[in-house]
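You will see chain A twice below: alongside chain B first, and alongside chain C after that.
Take a look at the complex of A and B:
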């Protein structure tokens, strides 16, 4: 892990400089303030996609991340609106709750593999939507609206985080928050993949029986990994709910779950930073194609099919010289 | 009670056909066909256009649905799935491709047929009424009988023809089948076309009762996945079991649970999870088949 080459450090430094300095400068120069919202969404979706990627790391295709994002969004919204918590406390709580749900669900379903696991996680998303419609606390189809913006945090009189309702540019504040979360997520992911646990995961991806026979506690690892991945999903979802200030059962639907999976596949499953690139390309590609009106979906799907036809191992398989390979 | 059972048989026969197509494609190529629901919707729209708009006899329209879907399926297999399966280092890439195709078909349906809910005139009038214990419109009975006949025909095809034997061999072991002289590429294409054909056939049959609209594709795929999970992926008897079980569960759920709101599917899912925890490979599946 610690044998980072100079090239890696440089790549990461350039990346951080771009997202924290370059983008705000660019937006201030061009006046395209709507980019903040777009890029914030990309950052948050990339966090959730990182979770999907991690589940793939133990050889499971996860099409249920939308369910955990929805769980996270609801937990945070309910804690903030009904229990009066600060958003910054509800954020980890949302992630932890999603992780808990994942651990409970994962206990039986992580025994499944391949297509079975993919199918059942897909059904999850549908069920999460149905549950949100059926439970009284989630307010049914009306959803939870008017979620207040995150409040400030101060310690010993020093303001650590300003109140989002009072600062004049809440969009920028959300952008920075989302980017910081994304950087933390991917740093965690990178550290995880290059740790002992990461090696164990790779051994499971190749052959679970073999890994088990040489003493890897596969039940424990797969539940742990699934929980971490859902934690990411919950965080991404909670943040998303806070930005749009509302949560509905239709906030994350099956299509979102499929999109999370597509992000990972498109970016490349063999690369830690694949999901981030995939999310960026898919989200921006979709937005750019908006110009084509009713042909948007047609063109989008054709491009998607062409990419997978000719680059079946993801965009990063072209191999940029920069870091990002595991 | 009789009514619920009759509804169960009716729903089950439709579902079993949808699941059969999905499971056939899965068994042959290890592909989870996300676009299955969209294929079903296309089948419905073809029958709607030919029978509902142009006034061509229903049977011919149904036949055209099947042929259209078989051609679409064959083309998709030959030009998209086969090369991707060959060129990719991971077989999961086919899932991305399948999702892409689902989007593509959705876009095409939207452009060609529009987004409105479409229905066709009834094919048979009248209602069957047995002493008010079972009430069922004749057209539903006809569709149900047609569906069951198609299932029987499909099983006969798989069991007693050369094509069926080749397909079964392919599902069992691809390499062994190739060594025995089965033209793997050709039969993969035929199998995929056959699976798509089944989806189109159900679409054509059901358009006469429920109508068809663009949004039906995704939920249909999800239901098909559930059926395949109940029965076991890639097993024909499993798909039929799965279809009828889900049909009966839904019929009972609608009868007894509708007053509590939309919780039928929630309960079905929870039972599915418990069931899969005990038997991960489904009713008929081979372990990790």
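Take a look at the complex of A and C:
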């Protein structure tokens, strides 16, 4: 199962070198410290997109990841601000809570397929926003602000994670944290897709009836996958809230949910690392088009349509179109 | 022989329409039993009720005395009663071998988490799935096409792939949905041999739903005949061939059609 070729190992090594060494060196050389924030955002959005990609893997179009990111952001913010938890504990708690919500919501709606499932998930983000506005614990439209930066973690007097408030370059610390989380997320995703669970997902994606005839408990696997997917959403959202030190009902809106989905489409649904590339391209592509002023959205949309028309399997299909597979 | 599968007073109603009315019969271990009937006789509905793909309105289906009707389909498969589909129901973008490997899901000893972390048991499973897939494909004469994508296969091979997927689950009873539909004489005869060898060499009891009369006469130990949702006859092929009710209700005057 672990048939990683030398080419794969080399690719991963280069990637890790670029994000952990190349980018900091580049930023130090050019003085573009704002890149840290941009790339941190890309990494976190890529984590949430990984979740959306996973729901695609069982044949469901998920346009509701913004809701789970928002849930994660609020859970972490509330635990840190109101309950005094360490951010590092609130992070998994945010993911688990989002996963729990997903399991409860998924039970009735995961039977739906195609556009019906997509439409319902589309509503989720709006419902999450409205819920955040209405509940007392989320502080309504004022949101939760002044969230303290992640505190340090030490074990037996050894500092494992320094206090982000005391580091002189918190941006860089956040960048590294987000990248580590992203690497863990995609490693998990890769492993999952290439283990038996992934094979069962593929069987369900291709034919649910046949999958259940060979004994696959499709209800259970759908819920498991949707929960894992939302766990990633919750983690991404929680981290995002911590960096911006605030969470509002509009921190993640319907547009974000649509973007998470587009990231997957653009990168390629057939490739585990597709959503990561898609997120990077969409985030930077949008910024690069800023010069076009009021035509920005128009040009952006046309490019997206063209890409999806001519590369239906995503950007990564360019490289792999000549007989290779993932 | 004690009955392996019992269909007991099974009735299915869709609104005012009765698709199956009070049908009962037994399937013994190691036999090949066919359910035949003209279009609309209720064969498909009965087939789906036995595999729990649709619930019964009343009555029940027992496997070794245990009720298997009105369960989730995967539970029925877990008990060892596995259905196949007609050719369009396949894993389109998997190869033949991948399909047969994934279909061995029920034979897995390691947990999903074990697979994720790559435990020793998981590795043993993977090895044994691969070996069994190769053995099964060799048995079915499909070794040459094992790396073909399912979507590229011609119709005849798709039917065999369906049976391969079903067999990979290690069933005790295999339910075949019109295995001869759309096949010419030669293909049908090859399929007849294949289904026989599944029973003879792998000890799988076979129940099939079909309307190709010559093939059914050739392959079956016993036959159940449905017409308008009712069971009108049950017996060996020769008994069915000479059954007045069958000839009258189902075959009309076309004696030559069953003249095997």
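The rule is simple: the second predicted complex is superposed on the first by the 319 of 326 C-alpha atoms of A that agree within 3 Å, B and C clash if a C-alpha of one lies under 4 Å from a C-alpha of the other, contacts with A are read in each partner's own complex, and residues count from 1 in each chain.
Heads up, the rule we're going with is that a contact is a pair of C-beta atoms (placed from the backbone, for glycine too) under 8 Å apart; a residue touches a chain by one contact, two chains touch by 3 or more.
Please read these numbers as outputs of a predicted model, since none were measured by experiment.
Under the clash rule set out above, the superposition-derived model of chain A with chain B and chain C shows the two partners fitting side by side. Once the two complexes are overlaid on the shared chain, A:289 sits clear of chain B and of chain C alike.
Once the two complexes are laid over each other on the shared chain, residue contacts for A:199 go to chain C alone; chain B is not touched. When the two complexes are overlaid on their common chain A, residue A:297 makes contact with chain B while staying clear of chain C. Of the two partner chains placed by superposition, only chain C is touched by A:217; chain B is not.
Of the two partner chains, neither chain B nor chain C is touched by A:89. In the superposition on chain A, contact is made by A:133 with chain B only, not with chain C.
When the two complexes are overlaid on their common chain A, residue A:103 makes contact with neither chain B nor chain C. When chain A is checked against chain B and against chain C, the one touching more of its residues turns out to be B. Taking every C-alpha of chain B against every C-alpha of chain C after the fit on chain A, the minimum distance is 11 Å.
Within chain A, not a single residue is touched by chain B in the first complex and by chain C in the second.
Interface residues of chain C, counted against chain A in their complex, comprise 51, 53, 72-74, 77-78, 82-85, 89-94, 98, 101-103, 105-106, 108, 110, 112, 115-116, 118, 122-123, 125-126, 165-166, 168-169.
By the touch criterion stated above, chain A contacts chain B in their complex at residues 56, 61, 105, 107-109, 111-116, 118-120, 122-123, 126-127, 130-131, 133-134, 254-255, 258, 261-262, 265-266, 269, 294-295, 297-298, 300-302, 304-305, 308-309, 312-313.
For chain A in complex with chain C, the residues that touch the partner chain are 1-2, 191-192, 195-197, 199-200, 202-203, 206-207, 209-210, 212-219.
Listed in rising order, the residues of chain B touching chain A in the complex are 26, 30, 32, 34, 80, 83-84, 87-90, 92-93, 95-97, 99-101, 103-104, 106-108, 110-111, 218-219, 222, 225-226, 228-229, 233, 261-263, 265-266, 269, 272-274, 276-277, 280-282, 288.
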